[in-house]
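The chains carry the letters A, B and C, assigned in the order they are written, with residues numbered from 1 in each.
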Amino acid sequence: MSLRNALRAATAVVTLTATGAIAETITIATVNNGDMIRMQGLTDDFTAKTGHEVEWVTLEENVLRQRVTTDITTNGGQFDIMTIGMYETPIWGANGWLVPLDDLSDNYDVDDILPAMAGGLSYDGTLYAAPFYGESSMIMYRTDLMEQAGMEMPEAPTWEFIGEAARAMTDRDNEIYGICLRGKAGWGENMAFLTAMSNAFGARFVDENWVPQYDSPEWNETLTFYLDLMNDAGPPGASNNGFNENLSLFQQGKCGMWIDATVAASFVTNPDDSTVADSVGFALAPNTGLGKNSNWLWAWALAIPAGTEKQDAAKAFIEWATSKDYIELVAENEGWANVPPGARQSLYENDNYKDVPFAQMTLESILSADPNNPTVEPVPYIGVQFAAIPEWAGLAGQVGQEMSAALAGQQTAEEALEKAQAIATEELEAAGY
Amino acid sequence: MATKASRSAARLMMAPAVILLLGWMLVPLTMTLWFSFRRYLPLRGGDQGWTGFDNYVRFVTSSAFWPAVQATLVIVGGVLIITVCLGVLLAILLDQPMWGQGIVRVLVIAPFFVMPTVSALVWKNMFMDPVNGLFAHVWRFFGAEPLSWLSEASMPSIILIVSWQWLPFATLILLTAIQSLDSEQLEAAEMDGAPKLKQFWFIILPHLSRAITIVILIQTIFLLSIFAEIFVTTGGAFGTRTLTYLIFQRVLESQNVGLGSAGGVYAIILANIVALFLMRIVGKNLDN
Amino acid sequence: MARTVTARRKAINTAIAWTIGLLIFFPILWTILTSFKTEAEAIASPPSFLFFDWTLENYAVVQERSNYMRFLWNSVIIAVGSTILGIIIAVPAAWSMAFVPSKRTKDILLWMLSTKMLPAVGVLYPIYLIFIRMGILDSRAGLVVVLMLINLPIIVWMLYTYFKEIPGEILEAARMDGATLKSEILYVLTPMAIPGIASTVLLNIILAWNEAFWTLNLTAANAAPLTAFIASYSSPEGLFYAKLSAASTMAIAPILILGWFSQKQLVRGLTFGAVK
């Protein structure tokens, strides 16, 4: 134990004996998404209720991931709460790096958490992170443009229909592009989208024996379809577009359709930020009739690293931030459309929330994703748009760059898949599969 | 000449700097060497024992290795050529008499004060963005299809960003050197009717050679390890993955510290090859 | 300058130099301008240059979201602290290299520079582990030491080149007068090397201020400087150009102002021995 920690512990003991209850300052690492920034703004409510203070470390997603991973693997103890996703939680939980969340108060009503979310944030049946908000993906489309094109969006469209509609909506002279999809390289960017899309085409990342499948005809079909569609109806420079870039394009009225995270629905329907707020429709992510939709499942969740000395305060914060009361608090301050979605069953039973236009489609999308059974043919991993294995981030990060280069026209689909296959083989071998 | 006493005093005074740097170099280097021979996967239970030269072999035989070396050399070379050439011209220009010289100089050196992360973010979003970037507006104004800079011209874009940051540094050093040039020499040449180009070639450039060497040396040291510019803009996609970035991917994305450490050792070797080459030249210059 | 030039010539020089100067400065100017626009205006097509509704809203939002002063203060302490510490260690070393050279002096100097070539990311885990062991993660003291070590070779190199330019006879004269080594360095050498030391200090403050790998990876809530402040404004959801510009302006303004005020010193001293 370092001198610093020893001092800290000593101070803690003194305070404990003196007052009985300790007011502590906890450090939380979080991502700079809108919902998290809103949470920071409401921290005073937590401090008023518990007496604990909060220090925020808000970082951009890539920097955050790098930062918290370094800290957790070395047991650095810099954070009392980390904001992590569905990918990290089971891996870290399995390594014993997270505090199990199995003793939350009755008031918290842990059974209210949507089963799909709780499942993805557990390892071996134990919950290791509480979902702050959950998401799947769905189609967001411009009802006015769809009408102009003389088409009607079915509730559960096929990829074929999407291709047709996208091409019909495209009007390059007026900077209207039929479809905006992720193209920016990254395992959480284009690879999340493409992996989920490939599920609908019957493809899979590895077979049951961990042999990479990027050279399969199904992957070829997926990538070719994606590239053709983006070349015909996508915005320029799509290979640099991630979630944020597409969101801003859609808000500016430049996209006919956008298939992305369900949480985007509240941004594109917010008249303050979006120029097309009143003409947005929603539909399930497309399929090809093989029984799987192209939608993913993700949650940003709060977890407590096992190394922290402030477990109780950290737990108190998690109970506050992911509670039903917090949802009420946000609704009071910012309206029901802005509450963190996708985490709790009760939210979708709430009458106030039923008026929110995207609520039902979000829930349906979340319920239709199954991380334990993501593909048409069986796979040995868990996860819809990722595989919950430590190698995925590095592997998919590199594969994503090849896909992105293909979208930029620097190589063909075949070349990209050939390289992807080689990368996947190399990475899995290096890890000893 | 120095006495024996002052010699030992000198050694004593040099000791703190040398020992500190030795520590700063040796401790991480030893740890890197140690890890590079081990199978160390933080997400798979940490250190799992010796693997001999496996990591080294794997790192070099990876399909990403040679392109990364090439990308590193292209970026370093490209930025050096641009900053030195433009730096010389700019230094000559700034040395000429003009109104508001001080202000111009301030404008020119400003990019050097901007942190790399900020400059990469600003260039990426506000200039090179194919929809909302300023370049896209200019392109559309002239009726051209906006270029998606960071994917279609990824390497030139990164070289542009980095050159913008380092041009002021080169200009400053070269300007100081030019100002020390004996103006009588130039006047004499002018009297003799030597054309400007000849003056430049035979008087100014030789005078600058030492400063140019220094610029190249210092910049190379910094450029070999550029990271933020790539991390923020392309994330290593579109052929911009340098050796430093490849190591980053191995260590932090793939969470394979052993493999990354082996890469680190290769990067040190590459850096030293480049350094040896440079030091030969600079070292010679230091003597006289 | 003895050369005579015509006014015409001077006018042409001025025009060219100003054009190039403004071109180079433009990205910074554009960032500053954008920081005063609303998010909608920041992406308006065609973009407006000066004629828009100037607003301070972005600065207010950024200030509300993050405690700018704390990041700024950390940056100042880390940059200034590491530079002062570096100077204290480097002056004696540079002195002995310049005035009591041995056969190995040059090798030592070049070796020092070569330590800068170790790729930082390769040693992130080792350094992180050492920091944990020593309990100095997320402390300003830890960062001061790391940045001092990173920049020490440059400091030694710069000081060495200035010291070499000082004629040895002056020191010998001082020695004859009975000056001790300490007073020789403090009262004879240092005053003469002030311009060189000043520019060394400036350059190193700039380098330390802009260092973005260690400052980001070794800090959390307490010691995070402006590089971490910026990391929370890069590409959040929705429109962000104006807020990013405001945050960027706040991050670079202090060092930009310092640089501008001291550019004379910086220019004078930034020779690295390139001028004989």
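The criterion applied here is as follows: a contact is a pair of C-beta atoms (placed from the backbone, for glycine too) under 8 Å apart; a residue touches a chain by one contact, two chains touch by 3 or more.
Only a predicted model underlies this, so the values are computations on that prediction, with no experimental measurement involved.
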Farthest chain from subunit B, comparing Cα centres?
-> A
With respect to inter-chain C-beta contacts, which pair, A-B or B-C, contains the greater number?
-> B-C
Distance from the CA centroid of subunit A to that of subunit C, rounded to the nearest Å?
-> 38
Please work out the Cα centroid separation of subunit A and subunit B, and write it as a whole number of Å.
-> 36
Whole-Å gap between the CA centroids of subunit B and subunit C | 16
Multi-partner residues of subunit A (each touching 2 or more other chains) = 66, 70, 74, 245, 248
Expected list for subunit B, residues touching two or more other chains, is 42, 132, 252
Junction residues of subunit C - those touching two or more other chains | 43, 124-125, 231, 234-235
Complex contacts: residues of subunit C adjacent to subunit B | 1-3, 5, 10, 13-14, 16-18, 20-22, 24-25, 27-28, 30-31, 34, 43, 45-47, 89-90, 92-93, 95-97, 99-100, 102, 106, 108-110, 112-127, 130, 149, 152-154, 156, 181, 206, 209-210, 212-213, 226-227, 230-231, 234-235, 241, 244-245, 248, 251-252, 255-256, 258-260, 263, 266-268, 270-276
Complex contacts: residues of subunit A adjacent to subunit B = 62, 66, 69-70, 73-74, 91, 95, 175, 184-186, 235-240, 245, 248-249, 254, 390-391, 393-395, 397-398, 400-401, 404-405, 407-410, 419, 422-423, 426-427, 430-431
Footprint of subunit A on subunit C - complex, ascending = 39, 43, 64-66, 124-125, 128-129, 131-138, 216-217, 220-222, 224, 228, 231-240
Residues of subunit B touching subunit C in their complex?
-> 2, 6-7, 9-11, 13-14, 16-18, 20-21, 24-25, 27-29, 31-32, 35, 42, 90, 93-94, 96-101, 103-119, 121-123, 125-127, 132, 134, 137, 140-141, 164, 167-168, 172-173, 175-177, 180, 183-184, 186-187, 190, 210-211, 213-215, 217-218, 221-222, 224-225, 227-228, 232, 243-244, 247-248, 251-252, 257, 260-261, 263-264, 267-268, 271-272, 275, 279, 282-283, 286-287
Within their complex, subunit B touches subunit A through residues 41-46, 58, 62-64, 129-132, 145-146, 148-152, 231, 234-239, 241, 249-250, 252-256, 259
